[in-house]
Amino acid sequence: MATVRIQSEDFDAAAEAAALTADRKDVGAVVTFTGLCRDEAGRLATLELEHYPGMAEEEIERVAAEAEKRWPLMGVTAIHRYGKIEPGGNIVLVVTASAHRQAAFEAAEFLMDFLKTRAPFWKKEHNRDGTSGEWVSAKDADDAAADRWLQGNK
Amino acid sequence: MATVRIQSEDFDAAAEAAALTADRKDVGAVVTFTGLCRDEAGRLATLELEHYPGMAEEEIERVAAEAEKRWPLMGVTAIHRYGKIEPGGNIVLVVTASAHRQAAFEAAEFLMDFLKTRAPFWKKEHNRDGTSGEWVSAKDADDAAADRWLQGNK
Amino acid sequence: MYRMNRMKAVYFAWVRERIGKSDEEIDPPEYVTTVGELIGWLAARGEEYAYAFEKPSVIRTAIDRKHVRHDAKFAGAREVAFFPPMTGG
Amino acid sequence: MYRMNRMKAVYFAWVRERIGKSDEEIDPPEYVTTVGELIGWLAARGEEYAYAFEKPSVIRTAIDRKHVRHDAKFAGAREVAFFPPMTGG
């Protein structure tokens, strides 16, 4: 059963990873992905993340459940922040645990690909020069990354 | 320039990951892979890791340099332990940092695949029943995992 | 009289900004049955809606917090959401 | 007389255990030029070597701490290593 949290507070990637392996000795591989806010070469002051309360959690839970169906996972944690995040700050965390490394790696990539394209979050940029920024556009590359799992060509 | 360490002491994955992003705001993605010692359904008492001093470090540095050539990485850390490790204990750590998630994920997988097949380490199992164990056999699956990067079919 | 079509519409990101509100009760006529048709009906409600829905093909939709395509029927829905492509992660 | 072929041989894992030592100075004759030939020459040194090298194809080799294939020439090498396929990571 996956742990999914949507929160404005920061998270502790190490503590979340440790929680997945605590008191068990059958885990052989833990993959942790942390997505951080970039300053875009100094331009960005703050990233504002809007989300769809309720659906954000449910949608990530659906993606995590699908990952648990596809790979023999011993633990999955996904945390996504909302609100204002400064450059260098954490945005998203995915942790997967499995007996073997391939399952842990693939499940973490799968989760991130689908989280990017299916979790209802939107980023707005606030710039250092005071201009209030554009909504970040979705990338075709992200759709393509998600699609590769559907076509079974990975 | 990658950080590579071969050591008998445990490592702190969180501290190593934090070191890669400290004081910089251009990192968008950090992938951390931790390989742990499994107890093999209770059979295993200790795993003993033998290594080729000098070559182990040099070989991992060569693999890390190759990863830095292939992907736009902002940081790479690889730590491999040797000596006796108990079930649940850490064996290997790979951390990659990049602006984007795909580079961080692929580089971490690449490092693990080549570390498995090229880094001069050998595992011997010591069992709970006191029998002193077999040397772990290399897996064809690991060779295949490393080969996919050579054939450019990923 | 009991109306099946009475529901909550919710808007996010620039859809919300262009319309100028984050949610509202709507009561579309009975000939409007899919979320795609609902977009067309909403777009006719005024300038701000026309602006928000000027390119229907980029609008993503959800019924009761599940992604749906524009051809999905919304009969029985309590909440229909309209938003741009997602950019989380 | 100066000998080009004098070098250190190092053994790991079950190769080391079977031979019963982790390293030694070796001085192969001049007609032995590749690490593959060196395996054959070492295998003839006694029972423990014959056991260690009974399946030459599974033995991995390194010259001066770099992986090499069995057809690699070792002239000038200071250290030649013999070990099973690696199982780190």
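Order of writing sets the labels: A, B, C and D. Residues in every chain begin at 1.
The rule is simple: a contact is a pair of C-beta atoms (placed from the backbone, for glycine too) under 8 Å apart; a residue touches a chain by one contact, two chains touch by 3 or more.
Note that the coordinates shown come from a computational prediction; the quantities given were computed from them, not determined experimentally.
With contact taken as defined at the outset, chain A and chain D are each touched by B. Averaged C-alpha coordinates put the centre of chain C at 73 Å from the centre of chain D. As a whole-number value, the distance joining the C-alpha centres of chain A and chain B reads 23 Å.
Note on chain placement: the centre of chain B and the centre of chain C lie 49 Å apart, centres being C-alpha means. Averaged C-alpha coordinates put the centre of chain B at 27 Å from the centre of chain D.
Residue positions of chain D touching 2 or more other chains: 89.
Shared interface positions of chain B, i.e. residues touching 2 or more other chains, are given as 35, 101, 112.
Pairwise, the chains that touch each other are A-B, A-C, B-D. Chain contact summary for the complex, chain D toward chain B: residues 10, 12-14, 16, 62, 65-67, 81, 83-89. Within the complex formed with chain A, the chain B residues making contact are 13-14, 17, 21, 24-39, 41, 87-88, 99, 101-102, 104-105, 108-109, 112, 145.
Contact residues of chain B toward chain D in the complex are 35, 49-52, 54-56, 58-59, 80, 91-92, 112, 115-124, 135-138, 142.
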